[in-house]
Each structure stands twice: as structure tokens, then as C-alpha cells.
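Order of writing sets the labels: A, B, C and D. Residues in every chain begin at 1.
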Amino acid sequence: MIKASIIGATGYSGAVLAGILSAHKDVEIISLTSKTYAGKKFSDIYKNFKGILDIELEEQNIEKISKNADVIFVALPHGIASAQIDAGVLSNAKVIDLGADFRLKDKEVYENWYNTKHHGEELLDNAVYGLCEWEREKVKSASLVANPGCYATASILAAAPLLKEGVICPDDIIIDAKSGVSGAGRSLDLGVHYCECSDSIKAYKVASHRHTPEIEQVLSCISGKDPLVNFTPHLVPMKRGILASVYMKPVLDISLNDIRAIYKKYYKNEYFIRFLNEGEVPETRWVQGSNFCDINVFKDPRTKRIIAFSAIDNLVKGAAGQAVQNMNIMFGLEEKTSLENIAMFP
Amino acid sequence: MIKASIIGATGYSGAVLAGILSAHKDVEIISLTSKTYAGKKFSDIYKNFKGILDIELEEQNIEKISKNADVIFVALPHGIASAQIDAGVLSNAKVIDLGADFRLKDKEVYENWYNTKHHGEELLDNAVYGLCEWEREKVKSASLVANPGCYATASILAAAPLLKEGVICPDDIIIDAKSGVSGAGRSLDLGVHYCECSDSIKAYKVASHRHTPEIEQVLSCISGKDPLVNFTPHLVPMKRGILASVYMKPVLDISLNDIRAIYKKYYKNEYFIRFLNEGEVPETRWVQGSNFCDINVFKDPRTKRIIAFSAIDNLVKGAAGQAVQNMNIMFGLEEKTSLENIAMFP
Amino acid sequence: MIKASIIGATGYSGAVLAGILSAHKDVEIISLTSKTYAGKKFSDIYKNFKGILDIELEEQNIEKISKNADVIFVALPHGIASAQIDAGVLSNAKVIDLGADFRLKDKEVYENWYNTKHHGEELLDNAVYGLCEWEREKVKSASLVANPGCYATASILAAAPLLKEGVICPDDIIIDAKSGVSGAGRSLDLGVHYCECSDSIKAYKVASHRHTPEIEQVLSCISGKDPLVNFTPHLVPMKRGILASVYMKPVLDISLNDIRAIYKKYYKNEYFIRFLNEGEVPETRWVQGSNFCDINVFKDPRTKRIIAFSAIDNLVKGAAGQAVQNMNIMFGLEEKTSLENIAMFP
Amino acid sequence: MIKASIIGATGYSGAVLAGILSAHKDVEIISLTSKTYAGKKFSDIYKNFKGILDIELEEQNIEKISKNADVIFVALPHGIASAQIDAGVLSNAKVIDLGADFRLKDKEVYENWYNTKHHGEELLDNAVYGLCEWEREKVKSASLVANPGCYATASILAAAPLLKEGVICPDDIIIDAKSGVSGAGRSLDLGVHYCECSDSIKAYKVASHRHTPEIEQVLSCISGKDPLVNFTPHLVPMKRGILASVYMKPVLDISLNDIRAIYKKYYKNEYFIRFLNEGEVPETRWVQGSNFCDINVFKDPRTKRIIAFSAIDNLVKGAAGQAVQNMNIMFGLEEKTSLENIAMFP
């Protein structure tokens, strides 16, 4: 059994992760930590776990925890993981960081966008960006995985095939993304009160969301191009889910069939990516609670613009699910283990 | 492997059932039927199943299907099952009926409340009411199980212990129940359009809901008393879940501790019933997607009234989950098999 | 023009009140106060008011404000109003308190249920309970009106006619009430985060909600009886609205027609109370945004229990609307002025 | 008093219109028609109108109704209005058509996009496109107004100023629009059942929505340019509201200040258009229930792209409210009459 710990288990990603791991046949959860709730039972905070995962929440001490763990999942606000994860920790246990600290390769870019110091520059080279479908080989041998951001996952999976094949302009990519409210986390915030965000929609962090450089870096890495992305997130009154609507400009005259063939080339053997039939639109309801990413692509015959849509559950494929997928890859397990849930519908 | 068919697989209960069965290690789904969608792939109707359960939907022919099946789940509107299930079918396969046709023992009561003919009177004696926690022994040897109604499940589980112990007045039980919208099924209906039922609440079928005689019959059967129940269902803007608020009048002066002891007596070994700590309120969010029933009981020190709350997922413990629990019991399997999902939260 | 101030204008009740008053042809808003947002423009906090009510929020100083105001609306958490309103203030301006401090006539009952000191005992006798339909005459000459609680308004309006006529047992009244989330106010609170309360229902403050003694006191005052009420509030995923389901036990054999006649007797001339046609159920969607209270009554032919339902908008008839209705009465205006909005639907 | 009729009063737009007109001091509603509900009282269908508008619904006979009416509002599915409105009707009464039949000037374009015959070609030249802020002068003398589509209203108001000033590429406009569910109307449709569309988001009619040619025609008419628009609508789980996110490519290097100055030039005197402060994002909650359109514009410093957002209530500024605004203009009334409601929040 793989001994696993979750640092920051009482945020939404941490709690979803606890659920997936507690059902994982090869994993034993040895500790859950929480800054806010240390000393309480996990199932007193997330009462759906009553009778399933009643262990007591511990203080956050990654150093100490790493001595008994095979893998540590870190689900902390940005800026904290890079201060606590070091070579010592990594010599004890593999680390999968669900936060942003090890995603950007360039420390300066990180510090500019996140407006904080980075404390673990020396680990940036080691860290593998854990977008499983595109970085599987690197993940296999990684000791530190930077689990992708939720928006980044949806956006990159939708745009990467066409960019890599050189079919679209790298500097004319517009991503209009829509997220459910759980993406904002569980900290107290008037903006996510029921009465403030239900029955309404808005954009936020226009031209300034921190997943923008992440999307550009990874698309660049995948395609060898130099993409420039307009990324605009929106808050939608639903609990979970991200829909990314990606507008791309073809550099040549290409038929929808040929466009579709490109997606199939990259994704036909990917269990968690479902490339839909022509004309079907991805909807978040069909992936909610699952690790699937549903993708489809359209071509506007009048404007020639190509429009791809991808739908994921932000807490699963966009966070905890992909983290476990990464763990499965790192430990040589069947990649789907404990990730076979289908979306809960209705 | 147990060969299973679902008759009426494209209603909400049928689809949830398909999900549970497709993940069940001892079950093989051999056919799904649909009156409306026969000929289409199941995963074209419920796209969450894409890649998981892509079989074609068949016409509804229980007779024919029974010849190859070990167990048939019937999820049809009332009045239809009783016309199609007969001794011949039952000689071929076990049947678990998620509809109402075999729940009421008295044909006349059925015909009065359901305002339709009953076509299978001769089977009423054979049918076992499948409220697992109270009828487990009978279910073990049943060939025909009448799976309980969603409201009835929540209501009976909350009231039965105190009624059986003679602690409350049988004729002074008020059940104010609240259900999510999926309880209304998937037929076209203006009343369940998003714009008509979101952001609002109402009672419906006041003093006339068909689960009323079911609750009374089963409570009577369990307790030996002659209960008279005021049952009032309400429609709540949520997808899944039932909360039953049960107001009971004690016949004697009894402490909350003694009341709690009675619930523990009956439920302490029941995996799917979680009797909460003193003061905790059941909430549908903690059971949504799971087969659990969360129960707690309060005593109003001023009025002496006892108030019990029970929360279930109407489509799981209130339908498909309990149906599989019954199947597990009937086939001598571990009762929890394929029912260990915890609630999806958030 | 009546010069009006709102103390605590940035809570939900205060903001709804600002909307009603800003559209009131006989009222001029001279000041809005806010502890949290003083110095900002009101329309920066509630952006729906942009261009309509852009005045700057002031510090809370009732004493000072009273010198220029004809009427002061106080929308503060309990315990504060009683410390700030005194004879001096009342000699300057009429006061309508939307909080709880002057509702209960017995200081001890208040201190027990609210678990705080009462600072204005000497004013309790002056304060008129502003349930307009039942206390109109007293309100006309009041200088201090205690505006009723939202649950209390819905509950009392539904139960009062039958209790006053001696038709029901005073000590066997069960009120199962359901409220939208705005009832919890606008303070930071994890429990009303979108992801925590959407798609779910729960009871809260079982047998301990502070509107219970208010309901009993006012029903007693209206009927001369000594009612004992079981009051159980529930939180429903909707923004606004209260539905009270009131279960009453008749003391005699009475027909539904005679029951209906009693409601008509009391409410037929009440503009804001709509007693529905036989069989129609009140729904919060039909009153949301309006000052109406929709009521209907049913009789269970089997149990003989009488069930009345009332639906209001908790922020209008349950708070700001009724407050303006009281102001209209106090100043001799047409009672409906600025309260003629119908529910916003869909 | 202006005598007004609504043809098709029981759709959502018709009902909202009935609400605005019934509160209009210069209007008397003389008839409401409904194909589905003729013979019933309007307030039996929309129970929020109980006591306010209880008149009986009539059969749809525009010819006959026009003889007594000063203005007829037509709220019918496309293809019907053009068959029923003719010169005879227009000689009797002014007509404001909330449907699509008279919006497109080119009959062929209409027939291609709407896939139906147009029956009133001879009236197309007479019809004035009633986007009040841009066509006010023409509306003043119009006898037939084509009330703009909801998406078109939001989209055009956001893009027109920059296009007219020649600041952006006409053929590189991407509109990612998000609508609440009421936009789908009130006909039975599984896709708008609560359980199917709550808690989820999807795009629909990708590259094929019928408001696309309308947007292009009107933008062309306003700007003299030849715009080519990528329009993608999305369905969002909220009752009302449209948010249009409009991505535009500048043809020159222009500062945000200069961009903002252009919007102010066109909209500073427009009561119903609220151009927000720098950095503020339009949100549908701030306009829901009102006739306002909130607009703001951003510039991405990295990509140079200009992003404008506009938020309206699809049933008010996007339908019934704008229709009444047009009526007010046509009849020489104060343009705001009966349209001064602010958004209902929360």
C-alpha cells in the first residue's frame, strides 16, 4: 500500500482528493492536515465522510510527515508550498503539489503574476508539469509534480493539438472560460455567498488571471510555438465545472474533417479525453464528478474561425483527479485506478 | 456474474441504477430498455456514460428479457409493471420493481390512491417490501421485491424506531417532507422547468400524496400499531435529495438520551444509516450521490414534541441504491457492494 | 416630503428598503448609514443603484440623524438598536426598528432567547408591534414600531384567524418554515457560501429559533389564547422567500368551507393578503419582490388536521416592505404607496 | 390613455411586458391574447398578477384587436407575426413586434437563417429597428417597430461605438455570449428542465445562432463598415440575464483612456446605459429586472485586444422593457416612464 498524506485536506481540492484516495485500492491515507481545523475529525468538517474517513486532522508539518509517507499531496494557497517543500522532503517522499508554486519555470514570471516571493527556485528544474496526457513520460520518473491549474488544464487540452500541428496562429488565441464557484475555494468571501453569485454571471480578473502565463508556457513547451493568449475567466452559478471556449484563427484553409483528425490523432487512446461526435457540445454536467475532459471542435464557415470547447470538473480533472492520475503514473499503477467514476447526473 | 437488465433505463432512477450496476464487480448488464429511445445508444441519452456504457437501448419486452437475465430491475411509471410481471417472468428471473405497483398489500387501497387498475393482484402476497434495514430477512428469499418509494424510505426510517418501541402516539405523526426536483422524473412538465421551480418552494399534493398509505402500511407492519400520518411533500430547488422532518408526540415523559438510545438500538449496526451526534442536523448535501440515510432526533423542551430528521438521496437510497442493496441481499453478496460512494461535495 | 434615514443601509433589508423608499413619491432619503462602508457611495456597494442612489454612506449616529429626519428606519443586528434609541431620539423622529429589540414585551424573555442584555426596557411599552393587518390602529399613532420578524410575519398571518376564532388547539401548533438564504443576512458566513448551501436543504436552530416567542406572544395577543408553538426553520437554496407550513388541530368538526370563511372574514379587505382559491398552493415565486402574502388552507380528510400555507418575500413583507407599509400608516399615506410591485417572475 | 394589447401575453416576454404596462401611468391594457390559454384569466397563469391583472385571455386576432388599440405588442414565435401584420393592421394601430420577423431587412437572409417563408416582405422597408439608443429618431415616427433580439441588444450596444469610430477591425469581432434560461421561452423542452440545465453550462447553436445576421446588419448600418462576427451563445443556470463578452482587435494603437472616451461620447446622456468606472465588471445581477445595460471596456496590455462586456436583463432591455421604451418614444412620452425599476437584488 502506498502511504499518502494530504497537506491542506479541508479545502475543496483536498477534500475531493481525500475521497478519491480513500477509495483507492492501493493507497492508505496516513495523515490529513489542516491549518484551520487541526485537532478535529475530518468527518466533522466534511460530514459526507462520516463513517468513511474519521481520522483526526493534524498540524501542517511537511518535513515530519514526509518521513512516513510515500507520497504527499500539497493543497495549499500559493506561496506556501515553495517555502515548505525542499530537497529533504523530496528525498523522503514524492510530492504532488496542487498549488501554483512549481508550475511556472521562470521565477520572475511567477513573482510578477503572483505578486509574492518564490522560496524554492532550486526545485523549479526538477518539477514536472503534470498534464498527464502530454507529459506522461516525464511524470513517470518525477519526484515533484506540479499539478496543472484547473483553467490551464481545460484550455491547454483544447488548444494543444492544433497549435502543435501548426494549424493556427499562435498569437491569436482567445479563451473565454467559465468556472463553477468551487474554483474560488473555501475561504470566507462575500463574492461567493449564495445571494451574491447565484442567478448571475460576471467576468473577473480580466487580462490578469494567473493561469494565463501557465497556459502560454505549456502550450509553448508542447508546440514549440510562441503563443499569445487572451484569457478571460467568468464566474458561473454552478458548484463544479469549467467550460473553456477557445477561439482560434487557422493559418491555412483546413476542413472540419481534417481538424477533427488532428484531435483524434492525439486523443484517440486517451481514456480520460472524450472527443465528441461532430456537432455535439461539451457540457459540464456530463463530466461533473469525473476525471473526464470532453472536447469538441467547430468551424464557423463564414468567419473561418475554429472554436474548440472543453469541459472538465475543476476539482477532479482540474485538481484532485489529475493529481491521483499523476500518482498512478508515478507509482506504475493502472492510470485509471480510483478514477473510474462517471459524472453524477442528474 | 449476475446478468442484469433494466426496464426503463432512461428515467432518472434507471440511469442512476445503470451507473451503480456498471461499476458492480459481480454484475453484467445484459440489456437496457427504453420506450422513448429504443434504438439509440444509452450513452447518447446520458452522455456521462460515453465510453462506459454504450450499448443500444432495446424495446421493452420483460417476458423475453427474463429468459436471459438473473435479475430484472423495473423502473416504469405505476400501472405498467403489474401488467407485465407475472409468474412466468418470475420463474425466469428475480424482479426488483422500483415503481409503486407491488408496494401496497391491499389492491383496493392501491386502486383508490393511484386511480388505476391493478393487474397483478395474485403477486401481491409474494412481493416483499424492500426496505432493507427492516425487511432484510424477507428480502433474502424474495423473488419479487417492491422497492420502497423515496419519501416512504426517508419517512419510515425516521419514525419506525420510536413507533415500534411504543414511545409515540401512532395517530399524531406529521411528516413535512422536502424533495429535490429529480423526484418528479424526466417527463416533459412545465412545473419542473428551470424558470418555474428554481429559486422557489411550494407544497404539492397536500393530504393526497400516494406515499401516504405506503408509509402507514409499513409503519404498521413494523410496529404493530395503527399509525395515522399527515404527509406533506414540498418541492425544493435542488436536483437530488429528500429531507423528512417528522413531528411526533410522545406518549410518556422520555428524555432525549432515552430517545437516542432507541435509534441506536435499531441502527447501530446498519452501515447505511448514520445516526448523527446530538445536535447535528441531517443535510441532503452530505448524502447526495450516496446510499446513506442520515438521521437525527431532537426534543423540544417546551412543547415536548419529538422531531426526527432524515436525509437521503432520492435517486440512491430512495430508488436505485436501495434496489441494488436489495439485489445484493437477494444474491447473498456483501450488502455494500458498489454502494460505497460517499456524497459528492461540493 | 417625509425625510427618511436608514441606519444600517448595507444589509439586505436596508438595501431593499432603500430601493422602496427611493421610489416612494412622498419620501426623500436624507441619509444612509453603514458601519462597514461609511465613506463609500451606496451605489458602489449595491451597484444596481448606480445612477439612482449615489449618496455617500455615513457613520451611524442615530441621535444626530434624528434631528433632521421625520422617520428613521433601523436595520441593525439585535442588541444594538435598544442601546441607541431613546426618548430623545423618539422626540425628534418616528422610529421603525426592523430588528428584534422591541418586539418582545417581556425583557426577560428577550434576554433569555437572545442571550444579551436589553438596553431600552423603558421603551418596550411604547413600542407597537407592526404587523399591519392586525395592529393597524395602534400603528397609526405609534412613535416606535417594532417591525415583525420574517418568520413571525408568515407564521402569524397563517395561524391567527383560526386561533382567534377558537377553532384550533392553542397548544398543538406545528410550524415547519422554509426560508431563502437572504434571511441569514450579509455577514461573512461559510454556511451561506454558494457551494455549501446550494442544492441542499437542512433544518437549523431546531426548537430554539428566536422567532418562536415572538410568534407565541403575538398570537396570544391577537387571540387571547395561550398558544404553544413548535417552530422549525429550514434553509432552502433560493435567494428570497419564506414558506410557512402550519399544522393545526381543530377543536371541533369543521368543514373546509367554514375554515375558508374565517380567513375571508379577516383578510378579504386586506390588499397585501391574497387568500387563494380552494386547492391552490402558495409558492414563493409568486410573491418574490412584492409585499404580498399568499395564503391558503387545506384540511386532511383522513387525519382532520388543518394545514395552512403562507408565502412571503422575507425581505419585503418580512422586512423592508412591511416597514414602509408601517410608515405609510404612521404618516397617514395610502398604505400601498411604493409597495405595488408585483413579484418578478421568472 | 394609450390603449394597448399584447398578442402572445403568456410567454415570458409577454408576461413581463404585461407587468410593465400594467404599472404604466399612461397606458390601459385593453386585451391580452394567448393561443394556449385563451379563456383563462391571465392571473391564473401568472399568479404573481393575482389582484393586479385578472382579465381574461382572448384568442389571437390581430386584425380585430387593432380596431380598438392604439398600440399592439406582438410576442409570437418567428414566422407568425409576418403573416398576421399587414397594412390594414398598421393603419389602425402602431405595432411593436418583439419577434424576429421584421428585424432583418433582407428577406432572403431571413429565410435562410430562420428556415421559413417570410409573409410580409412589403412591410420590411417600413419597419424600424428599435434599438432605442441608436435609432431614436427613426423610432419617433415609426408605425412598425422591430424590437431587437436580446443577444443582439447586448452585443450591438457593446461593439457599436468602437466600430463606428473606426477603431477596430470589422472582420475580427468575437462575441461570446451567456444567457439565462428564460431566453429559451416557456415551451415544453427537456433541455430547460431544472435537472438538465441547473449546475451546468454549455454552448449551443455554435456558428449558427439567428441573432448573428441581425448583429452584423445593425452594426453595419450604424458604422458604415462591413462587420463579420463570430457569435457563440451559451446557456447559463440563471433565470434572467445576458452577458456579452466582446473581443475586438484595434486597428491602431489606442489607449484605454481614449477607448473609454469613445463610449462616453455615445452613451453619457443615455439613461439606460451605465458605462462603468474603470476596472468594474458588468454583472447580470445588477441589471436583473431593470431596463439598464451595464457596459465596460478593458484592454489587454499584452495582446492589445479590446474586451467589452455588456450586461442586460434579456426579458427587459432585451425584450419587454425595450419594447416599452420604444412605445414611449413613439408616443412622445418621457422615455423612462414605467421603466425606472432598479434590479431586484439579492
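The rule is short, and it goes like this: a residue touches a chain if its C-beta (ideal position, glycine included) is under 8 Å from a C-beta of that chain, and two chains touch if they have at least 3 such contacts.
Owing to the predicted nature of the structure, the values given are computational and were not obtained by experimental measurement.
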| item | value |
| --- | --- |
| Relative to subunit B, chain with the most remote C-alpha centre | D |
| A-C or A-D - the one linked by more C-beta pairs in contact | A-D |
| Between subunit A and subunit B, centroid-to-centroid distance (C-alpha), Å | 37 |
| Distance between chain centroids, defined by C-alpha means - subunit A, subunit D (Å) | 39 |
| Centroid spacing, where centroids are CA-atom means, of subunit A and subunit C in whole angstrom | 46 |
| Residues of subunit A whose C-beta touches two or more other chains | 12, 182, 195, 198-199, 237, 239-240, 283, 285, 346 |
| Touching residues (chain side subunit A, partner subunit C) in the complex | 12, 181-182, 186, 188-190, 192-195, 197-199, 237, 239 |
| Parts of subunit B lying in touch with subunit C, wherever the complex brings them together | 171, 174, 176, 178, 180, 195-196, 198-204, 206-207, 228-230, 232, 234, 236-241, 243, 245, 247, 281-285, 288, 298-303, 305, 307, 309, 311, 346 |
| Subunit C to subunit D touching residues, read off their complex | 12, 15, 19, 22-23, 46-52, 182, 198-199, 239-240, 271, 274, 276, 280, 283, 285-290, 292, 294, 315, 340-346 |
